[in-house]
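Across the two complexes that follow, chain A remains constant while its partner is chain B and subsequently chain C.
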Partner chain A sequence: MNTHISPLARVGQYALLAVYVVFLAFPLLWLVSASFKSSRELMSLDISLLPKEFHPDNYVIAWNQQGLVGSAWNSLIVAVCSMVLVIALSLPAAYAFARFRGWLRTAGTGWILVSQVFPVILIIIPLFLILRDAGLVNTLPGLILVYTTYTMPFALWMLQGFAAGIPIELEEAAAVDGASRLRTLTKVIFPLLLPGIAATAMFAFVSAWNEFFFALVLMQTPENYTLPIALKMFIGGEGKVALGPLAAGAVLATIPSIVFFSIMQRKLVSGMLAGSVKG
Partner chain B sequence: MKTTKLAAALLAATVGLGLAACGGAPAQNPGGDTTASGPVSITFQSLSDQPGAIAATKEIVEAWNTANPNIKVETIQAGWDGVYDKLTTQFSGKSAPDVIHYEAASILPFAADGYLRDLSKDISPDAKAEISDGVWDSVTYDGQIIGVPTEMQTYVVFANKKMLTDAGVTIPTGDSMTWEQFTQIAQQATKGDAKGLGWGLKSPTATMMALGPINGATFFSGEGDKVDISVGEPEIALPKAIKGLADAGTLDKTSLTQSGGDVLKGFYAGKYAMTVQGSYQAANIAKDAPDGFEWVELPPLQGTKGTGQAANPQTLSVNIDSKHGAEAAKFVAFFTEPDNMAKLNTADALIPASKTAREKILKDTGGKDGWDMTLKSGESLTSAPYLKANSYAQWKDTVATPSFQKYLTGEIDDAGLKSALESGWKR
Partner chain C sequence: MTTESLALVDKPVVPKRRSVQSRAKRVEAAALVVPALIPILIFSVAPLLSGIGLAFTDASLRRNDTPDFVGLQNFVDLLGDTMFWESFRIGMVWAVSVTVLQLVAGLVLALLLNANLRFQGLARVLALIPWAMPPVVVAIMWQLIYATNGPLNAVLSVFGPDVTTNWLGEFSTALPAVIVVGVWVGMPQTTITLLAALQQIPTEQIEAAAMDGAGAVRRFFNVSLPAIRPVMASITSLNFIWNFNSFGLVYVMTEGGPGGKTMLPMLFTYLEAFKSRNLGYASAMGCVLVLIVVALLAIYLWSQFREKEAK
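Up next, the complex of A and B:
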């Protein structure tokens, strides 16, 4: 097969890619630009991508006014803990789902699908009562428990798909080579599942990082608010919105997510390579 | 090996962070201190969102705590977004704060469910006399006062002074401005691409309900689940007048689909000579208008029945399950004293429910930045029958808003609007 690409086509490819990247990144660029604009400029019809006057005060207001640092720390705790718990709990279950057949698997699949159809508003009051009786309302562990429970069915579904994609012949080959069941799982299956684990971890992290409603209802004092709640505080009653500080707060809120994704992205790629070599 | 290390590190991090979370997250104590001998604690969920209002709230609470060492008030700062769902859950779980800041339209369903203390006996005659009967009516359910009104807003007309002067308009300055005057000014100021009026009616129902009473609109009669709707000439008068301005070309039709804030951008840019907005926008206009932009707030709009708009005040209520209901009511009485209300409303750019507080703000501001007209528009607020209707919120979103939008865009006529609003309520 001829894989040679002419220099002109290569330039075209990069140009298209650049346009696509700019298109995807535009909302973020606009957000960053808005975060440096004064409220007067934000309320002007004379729109420009770059701020006419550099206005860093929005960051100072966002930082000081709604306790963003404490909220970011709370968000990080609940997102990381939920992510790890979701992976730890759903990984063995996903493998079992992928490899074993029977009524339990059918029932489990049904449970996963049914759990996805309930709107949160329907479960929030019983959930609140259970957590209140357990002394977990207005606590981060309570929120972690809720996020883990709520995210796990879909995470399990995702991971099960990745596990099912690993050929059973690899396990048989390892067995023929004398590997124990545990060794096969840790040395053959786990590395091949790594891209799936990374993708599921990203999903679990982002779900918890962005979640608003559970946090709104369960967290009752400002010191326990997560980032989405703190950001919503910039939107007031009677239609009042502090646009500049809200944009600045949103920029600050995206930074941990971007850092986390860049780390996990590498893991995703290295996991794929590891799988291809061993497979 | 690497993957095993990574998994171990993540699990260790989870345990560590989980422990940190446990350490940093105290469990809630909804009832506060219940010991008979020691001081009692009251939780006050505040929705103040402006930095000045948050500071004013803090100042008032500190003054209370200093003067009342045996009744300690702890402020819980919350946001407006989603607070209805939050309160629903908290009331169901019997863990709502002792003192609740909200608004009349949203607090009445909680009163209907029996979650709020009747404050009738906690309010002194002097304090009662400070607030007009129409406003008290907005917070009265089944004969019980379920919230003390604190802050209010009205719909007022802001004008670009230069555009009006250039159009040869004499800017009205009296106690009110008739709809005919308003229409006349809008026509005179419409020149070239510039329109006389921009009116953000993306969510028109609130405006129709609040401003409708100037033409005698009531829409609803009854209370709770026994509420009837009637859409006649007075109810159709305001949407009809607005549509008339749009059809005549003096009101920019595109503005009808925008929010109030979006229309302000066009107002600053000289696209519209006037705009109808919530009175609180005066503070934003003073802050955000371009240098040299001369603006003025016109007198309150007067319809066929006067200037009285429907009041939907912000309120302070007391949780019926509060272990210290009497103390919480005392705190509400203190918080709503005229001096405190003047301080809070000045910071929030809203109208105090209390007459003395309005007088104080007028004296302190000298009527600058539209305060004279804003305060004038708050004097004649009247009762709001829609607040008493249990299913109002659902009707507003699913029936009224799309029906008013269809009417303003000419998709349905007067009879169609009447039919849609009435049949949608009875459904």
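Up next, the complex of A and C:
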């Protein structure tokens, strides 16, 4: 690949890469830096990436005073429950998608594609009414059901990719040995699918943890806010915003996503690509 | 049915058996799929259909009575609603610029990451972080950067007289400022997708072109670009739709302001539904937006198809 590249072009490549790294990394560094700065330093006009004095108490303030703990707890419950539900519901379906052909599969694939591009704004209004009539607006179970439904198409897509990768001969061998269908599934297929299940589960968790729009519409009282909504309300008030604690809260909210993401990044990327590159 | 009874008939035996088997299989497949199907039917297919229905009513959050059927009235009102069309125009400017910038910057970056350079590992990890971050955090982060006493003005002040622009708060800069954030968030996925496509090109093709004396630029236009065009086409159309439908990022940064300069269509529809509480009218907006996006996509796919046919 590196034939005929002049030193000048090489320098140009590195310069471009540097511009890109700065463009991507600087906002992140600034957020972390701001989370350690005193309000006085944040309001002042002279600016440096390193705080003059470290103010870890922004984290303490964010943790203690702004109701962020309660909303983080809500976010955790919602994300874990919808993760479990998504896997429980889409694992059998994904297996069926990978193994059987027919109109169900075609319709399923079609729906997955449509759901990826469909504007939720058209769905949110009647969805709000349905949940209101069922008494599920402003409740965690309501939000869990919504997240499960809207994460499932992509989870199904990822899982069926992993399932299709398991050689069908393994199942046939198990059947020849006299294993029942259920036994084959639980003893042969699901263990082989574990890496795929883990990747999909984390995708479901991060989607729910990060989600903003549904939570904004459906959660109406502060004690039911998820973390993204609580952070938004933080800046919603006019005038005095404590920037340091706000930045600290934002950093805290990002940590679970980044942790999960760095563990699973290879699997997630290959799962995502299965959809877009082949599609 | 027993096999003996059919033993004398040669050919039908096999197909018959197969159909019995496949019926059992179909039942099994259905049993596996139904649990996933139920929530999808209740929470996304049903609302989708009734959303279309609501567009023909005067449903409102202010009253609790059953909404009345008003026919095409909402759509007629929409035609004359200049604020809606202005938000549509802003949405197009936003979606087209973000999509194009994502594609161009993402392609340049994918090419850089595909060349043998140092710091690629770091760049790849960085490329994924915006995707993992909660959108609300991304929005807060950029609010800090665009603030009057934020780092952007500080850096610009180094090059000239003191800059005190309130980037998200001024009419002329708000839309470009949010577009930059849109690119920042969306570029990584485009980059990773294009990188994967680039890596699928057989190295022999590129080496052969190099042997024939093709320089880097010609190799790109004659070998790499044609090979990744299908992927570019699909990621571009998906990006356009995602961008046109985006909500949270801009809502947190500007709430559509200042003076409606960043009022994306989804934002406008949301405010109409849940602040002005006109559910029927907002549903009609949703329907019109979906129709326009689908039409644009159809035109695009059709032109891609025509081009393929022409070759």
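Note that in this section the second predicted complex is superposed on the first by the 201 of 279 C-alpha atoms of A that agree within 3 Å, B and C clash if a C-alpha of one lies under 4 Å from a C-alpha of the other, contacts with A are read in each partner's own complex, and residues count from 1 in each chain.
Following the convention adopted for this analysis, contacts are C-beta pairs under 8 Å (C-beta built on N, C-alpha and C of every residue); 3 or more make two chains touch, one makes a residue touch a chain.
All values derive from a computational prediction rather than experimental measurement.
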{"item": "Which superposed partner A:A248 touches (first chain B, second chain C, both, neither)", "value": "neither"}
{"item": "Partner chain in contact with A:F212 - chain B first, chain C second, else both or neither", "value": "both"}
{"item": "Chain A: partner with more touched residues, chain B or chain C", "value": "C"}
{"item": "First, second, both or neither for A:P27, with chain B first and chain C second", "value": "second"}
{"item": "Partner chain in contact with A:I121 - chain B first, chain C second, else both or neither", "value": "both"}
{"item": "A:M158 touches, of chain B and chain C: first, second, both or neither?", "value": "neither"}
{"item": "Partner chain in contact with A:M43 - chain B first, chain C second, else both or neither", "value": "both"}
{"item": "Which superposed partner A:Q13 touches (first chain B, second chain C, both, neither)", "value": "second"}
{"item": "First, second, both or neither for A:Y150, with chain B first and chain C second", "value": "second"}
{"item": "Partner chain(s) touched by A:A93 [first = chain B, second = chain C, both, neither]", "value": "second"}
{"item": "Common ground on chain A, meaning residues reached by chain C in one complex and by chain B in the other", "value": "42-46, 88, 121, 124-125, 129, 212-213, 216-217, 229, 232, 235"}
{"item": "Complex contacts: residues of chain A adjacent to chain B", "value": "39-40, 42-46, 61, 65, 74, 76-78, 80-81, 84-85, 87-88, 121, 124-125, 128-129, 132, 135-141, 144, 186, 190-191, 194, 212-213, 216-217, 220-224, 229, 232-241, 267"}
{"item": "Residue ranges of chain B touching chain A (in the complex, touch as defined)", "value": "3-4, 6, 10-11, 13-14, 17-18, 20-22, 24-28, 47, 49-51, 76-77, 79-82, 85-86, 88-90, 92-93, 95, 103, 153, 259-261, 264-266, 268-269, 271, 278, 280, 284, 287-290, 314, 350"}
{"item": "Footprint of chain C on chain A - complex, ascending", "value": "1-5, 9, 13-14, 16-17, 20-21, 23-28, 30-31, 34, 42-47, 49, 88-90, 92-93, 95-97, 99-100, 102, 104, 108, 111, 115-127, 129-130, 145-146, 148-150, 152-153, 156, 181, 206, 209-210, 212-213, 216-217, 227-229, 231-232, 235, 243, 246-247, 250-251, 253-254, 257-258, 260-262, 265, 269, 272-273, 276-277, 279"}
{"item": "In the complex with chain A, residue positions of chain C that touch it", "value": "25-26, 28-33, 35-37, 39-40, 42-44, 46-48, 50-54, 105, 108-109, 112, 114-117, 119, 122-123, 125-137, 140-145, 149-151, 154, 184, 188-189, 192-193, 196-197, 200, 203, 206-207, 210, 215-216, 231, 234-235, 238, 241-242, 244-245, 247-248, 251-252, 266, 269-270, 273-274, 279, 282-283, 285-287, 289-290, 293, 297"}
